[in-house]
Amino acid sequence: FSQDGPIKIGASLPLTGSFSIAGQKHQQGYELCVDLINERGGILGREVELIVSDNRSDPATAINQYERFLNVDGVEAVYGTFSSRLSFPVANILARNGMVHALPAGGALRIYEQGHDNIFYFQPNAAEYVGASLAGVVRDLVPAEEAPKTVAIISADDFFANGVWSGLMGEIVTDPADGSEVADLSPGYLAELGLEVVYSERWPEEGFNDWLNLANQVRQTEPDLIIGLTASAEEAVQLTRAFDTVRATPQMVYFSQGTQAEYLEGTGDSAQGVLVHTSWHSDAPFQSLLAGSEFSNQDFVGAYEAAYGSPPDEDSAIPFAVCQGIEQAMVGAGTTDNAAMGDWLDARTKEDAVRTILGRFSWDDRGLPVEKPFLMTQWNDGELQFIYPTDEFEGVSAMSYPKGSF
Amino acid sequence: MPELLDVSSLTAGYGDGPAILDGAHLTVQPGKVHCIIGPNGAGKSTLLKAICGMLKIRKGDVKFKGESLKGLRPDQILRKGICFVPQERALFPKMTVRENLRMGGYSLADKSGLERAIDEIEERFPILRERRDQHAGTMSGGQQQTLAMARTLIVKPDIVMLDEPSLGLAPKIVQEMFDIMKVMASEGITILLVEQNALMGLKNADWGVVLDLGRTLFEGPAAEVMADPRIQELYLGGKKAA
Amino acid sequence: MLEIKGLCKYFGGIKAVDDCNFGVERGSITALIGPNGAGKTTAFNCISRTAMPTKGSVWLDGERIDKLRPHQITQRGLSRTFQISRNLADMTVLENVICQSRIGGWRDLMKPAMSSDEIDKAMGILDFLGITRIAYEDGSNLSYGQKKLMDLAALLMSDPKIILLDEPAGGVNPTLLEEIVGHIRKLNDQGLTVLIVEHNMELIMRLSHRIVVMAQGRVIANGAPAEIRENPAVLDAYLGGVLEEAV
Amino acid sequence: MEQIIQTLILGLALGGVFALMGSGLSLVFGVMRIVNLAHPSLIIAGAYATYWAFKLWGIDPLVMLPVAAIILAAIGVLLYKLVFEREARSAKYSEMTVLLTFATAMIVEGALGGMFTNTQRVTSPSYATDAIFIGNIFIPTGQLYAGIVSLLIISALALFLKYSRFGNAIRATTQNREAAELLGVNVNLVCIMSFAIGIGLAGAAGSLVSFVFSFFPAKHWEWVAVLMSLVVLGGMGSILGTVIASFMLCVVAAFVGAYVGATWSTMTFFLALFLILLIRPQGLFGEKPELA
Amino acid sequence: MMSVVSETLTGDAASSVLEARRAHNEKLAAKSDKARAIWFPIALLLLLLALPALQVIGNFNYVLHLVLFTACYVTMASGWNILGGFTGYISLGHNVFFAIGGYFAGMILARYGISTILMAPFAGLLCAAVGYLIGRVTLKTRGPSFIISSLALVMIARILFDHWKFVGGANGVALPANDLSVEWAKLPYYYAFVVLAAFSVWLSYKIKHSKFGLGLRAISKDEIKAESAGIDTRTYKVLAFAISGALVGMAGAIWGEYLTYIRPNIFLIILVSVNMVLMCILGGKGTIAGPVIGAIMIIAFNELFVATLGASEINILATGLLMVIVLLFFPQGIVGTLAKHHKLPRILNWD
């Protein structure tokens, strides 16, 4: 590795293709962070140069590009890519090359169960544990006598959504390669809450159009709680509109996607009362470290708005945190040697954590964060309010309940 | 007598391939039946295609009523009064017989006359009335030929160019076809036909042209062409010469 | 040799071929004539199975062939030409001709596309038909008559037992026609059976041993040329007054 | 029973929209032998036009429909001039155009993506999420209006093609370009016009789609195969066939979705396509191929 | 009126035209006779076989990756060419074989640890069998209907694989990586793909110059004529389908292990089949060198784009534009169009 000149860092992102929206926001997150670091004097006294290339949401291209970063561009570190499906193969390549793999997105438990020790997940937890926040909301925020009794759960057949489903329904996660058990999640969050599943259905990842039919099926079972695990905010829009059309009247609605501004635009008033989990919220008062100085979540929101003219969402915040993590690892290890960086990250504890705008991170052996719950938000009066957990910080809004009609 | 159509030292070919026609010439007089004969691949069809604008003229010129036709599109040439029935029966296979006839009158300004003209034609060729709603592509070979011929009668052009009109027709119909041509000629329509049924063609024509290797070799009154022993031997099956 | 029994082909309401019966004797030249739309081409299509007969059966050498697929019929020695010539564009005339093949079995498949024997044979046929000069021409860039000749050449390539010719003379120059007639005769002498559809009466009368006359899908007469010439039904339906002139 | 009727209604409602989306495709194939794989991407272009008109000026999608049709028709003319005109005389036209339209689809997608990003959009006129309730059974108004409008457009078009002089010229040109030219048809003009009509239909369909489905530039890949199945099932080039196939398949898909599983409802289209190829390769209303 | 004999039938006029004609024909004949440059592909192959020696002096994984990737697509495009180029049936669904090969060999690797390189021939056989069955149905249709049926095939395969729990459904299966060190880890796949690519080029050559190939070409022009010329069109085309499927399947088998991950979304996306088609069209459909040149060009083009423009929607736009331009100006592909104008460099004439 060359020790002078800028520190090159590569990131292959799905800037086009099915993940392009998230991919582009990730690029903004990385770029903003690198710019801010450079403004503050770089890392280890060296400028940082970010190389982003487009993998078109295609795994082969993603591999190719990380290969190129390492062989041709001579990068000293990499940032992870977006989504589980791209991260799976990328994880292998990076492990083989001994690179620290900081993932912004890739919630599938199986990625971490493969035994790579260079991998670090920069979100609250694997998809399988997302349901915990919903369970918390039902347990803590809804009066026992009004609590929902029945639930309809519908889901996209998507990596992340399937993971959430497994947790909620208490499935055994197996590795299809050899049929071995990865995790046993039974009885599942829904069973723990004593909810009766009156309807469950999955729709295919691509080409599904029959939303009204699906919504009608749900309506017929008259569930108190509707859980919609969509693959994208857009599917959440479709579902919401369909529920509106069929005049469904649940007490509570939870979607796995839908924090984005696009969701509100597509649904308008129907969004009222919809719960969505998130890794990040602009109101969360996290204090973090950037280039050695304190940098709060609010600073991030401000910097982002100044740079791009619109408020950020989690798809930009998470990569920002990844970038912070790599920076702190380099500084902490005092070198850009990836083995040392990996050791440093491994050594983090709850007290001596990596500090990012998503909060503090330390990891277990698998590379999953320790004790980090997801946040729960709710659309209220056209605003995404942060409602759970209630005990961690100030500024938590009250949940509106029940939802009633769309 | 003024020349209606004058083809002089014409060179033409397909795409950028070799010149198929190489110095062909032809003069056409109004109200007469002209018959072009020649062996297969001589360039007869190519000549007609060049005249009607389907092929680019490389050298030489085609003058119609003293006006050059060079560079005009087929539909423009048609409107000037030259109508062409190619050898590969230019029908619309998936349209009905009647629609095909109606398309025959596409270029007519006078729409009211169209239905009348079609009726007249159906009168003349009963099979077309009978098969009015059949798709043209499913008609028998001869029926298609009949339809293609009949369709030109709608336009009433100055010149009709027919590429082997007798092809695939039963003897009875062939005779009828030539009779119709004579009637047309007597109505002042000039006819230019290519025939492999050469004797029959020449017998019914006023003027004969022999084309070979892309050039005009003989031109003269049909009877004289027919009588020439060399032509008989080379192009007419040589029966009488032998 | 070839036997057509009760053959019918209906297109909706149109009875193109309607209960048609006739046979072709081995070694004969049989002509099939009839007015336009009589059903001759359709009968050919049914025999070579490019069309599915509605009813009836076709027998070749005692074997029923109307359930076979077209290539199987060709491989049994029955080949045909099309009234409107079909040719393979982007392939040379030589390839067009050599394509007409009788492949023995699997192993033949991997043999070279054109062996020199085949090329010699094909060139011989092209030469005979006077179209050697277009041997390397694209099969679709031919004049009408040349296409007909190419079809004929292809037919001869596969050494058939019986050939069905649909208007082989249409559009062919009279001089050349004489030669083709001569050649068909010669092949016939060597034992090739021929079934021919033609409107050129003079040629038919000269060439054929037997004439089958169709009209409106039915066989209306069947006999030696001399008989047919006298048959008033035929005269009326088909020849009009042209007969005397033609013969 | 109630549920069966409800499912039927939902199937039919969706069928109406697909009918218009498919019929433009069918038309362009029927008259021009172009398998326009770019059709769905142009539908999306139409949807974007409608979306922006709605968002910026609050113009109702149904009002915007003719405008979108005209805009897209103009784009169609441009496309034809730039891309398809050169190839129109080639013998391999039909096959070539599959690839050309495929490429066009990518260009349209890329251009739309560049202009409007890949964010999913949808217009929300009030009727889009409304429904007429009859007892417990509902008819979604958005899809109801879309279906009615699409059937009106399709019928008008079918009549025009069948009976007008120009319609005849279009069909004639498709079947035998040279012959049409020899009969005095300005074939180039005819081609441009019919292409414009076909693409105009995509624009119209786009307006309807804008409030029925959400869309983004790459969405068209999802539709291509579905629309193509409709067209093949109906018989290539038969507009009536396409319309009937859309209603049929959408109803079947709705029942499959309701009683078998949502995952399998999209499968309906493709399985139907295979079944039809197996037993009736020419589709419902197509012409039988020459060789059985 | 006098008989106007404008020109007598002297030999001169006739023979000069004949002469021109003959010259033209000879030119055409020369085209097919021109000694083809077999040495070139062989030299290329040898060069590629020696290339990994570079690893001794440094890490050239990226170069190896590109060659390997290209070889994978050469295999697939050549395979596709047998159906699409020779037989004229444009299939947009050939990635189904890619998936079947990948899953078959991949699952065997995951469960029994047998390398996909060893299983590739069997994956090929499986794909041939599947191709045979599918071909029996879809090859009944022709032209556009066939293209669409092939699209539908992908969609069906996609839905089936997405819901097949045994192979991990839409989430896919992670495969074990081999335990060679970084420098040598790619080598098995590299050689496998280079050999496979060479094999498919050789096979297309063999087929093209056989009776079978002639039959396929006849089918692509006029099926009815071919059938009545005695060619068993149904068997021929189904066979072509099976063979081309087998080649693509073999590529898929190894590809899965190379990626260490199989998932429907890797194999069954339209981009994969489009690439195959585009490569053949760009290089020259129905030629031997075409798919090779096409594959090299498309992959080089992709790399160039990613490297220079970074990325954006411009990628898609540019690919589309490239495709249009090629189709309009090289309708028969680079090899085909150059050959037609007699400008094909000898080293590219492999036919």
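We just call them A, B, C, D and E in the order they show up, numbering each chain from 1.
Convention: contacts are C-beta pairs under 8 Å (C-beta built on N, C-alpha and C of every residue); 3 or more make two chains touch, one makes a residue touch a chain.
The structure presented is a predicted model; accordingly, all values stated were derived computationally and were not measured.
Fewest steps needed to get from subunit A to subunit B, stepping only to touching chains, is 2.
With every chain reduced to the mean of its CA atoms, the largest distance from subunit E is reached by B. Averaged C-alpha coordinates give centres for subunit B and subunit C that are 28 Å from one another. Inter-chain centre distance (subunit A to subunit E, centres taken as mean C-alpha positions): 40 Å.
One finds 31 Å separating the Cα centroids of subunit D and subunit E.
We define each chain's centre as the mean of its Cα atoms; on that basis subunit C and subunit D are separated by 46 Å.
The residues of subunit D that reach two or more other chains are 113, 118, 225, 263, 266, 290-291, listed in rising order.
Residues of subunit B found to touch two or more other chains are 17, 234. Among all residues of subunit A, those that touch two or more other chains are 16, 157, 204, 206-207. The touching residues of subunit D, when paired with subunit E in their complex, are 29, 35, 83, 86-87, 90, 92, 94-96, 98-100, 102-114, 118, 217, 221, 224-225, 228-229, 231-232, 236, 263-264, 266-267, 269-271, 273-274, 277-278, 281, 283, 289-291. Those residues of subunit E that touch subunit D in the complex are listed here as 88, 90, 137-138, 140-145, 147-149, 151-156, 159, 162-163, 223-224, 227, 270, 274, 277, 281, 312-324, 327-328, 331.
Touching subunit C in their complex are the following residues of subunit E: 18, 21-22, 25, 28-29, 32, 206, 208-215, 217-218, 221-222, 224-234. Taken together, the subunit B residues at the contact with subunit D in this complex read 52, 54, 73-75, 78-79, 83-86, 90-95, 99, 102-104, 106-107, 151.
Of all residues in subunit D, those touching subunit B in their complex are 165, 168-169, 171-172, 175-176, 178-187, 287.
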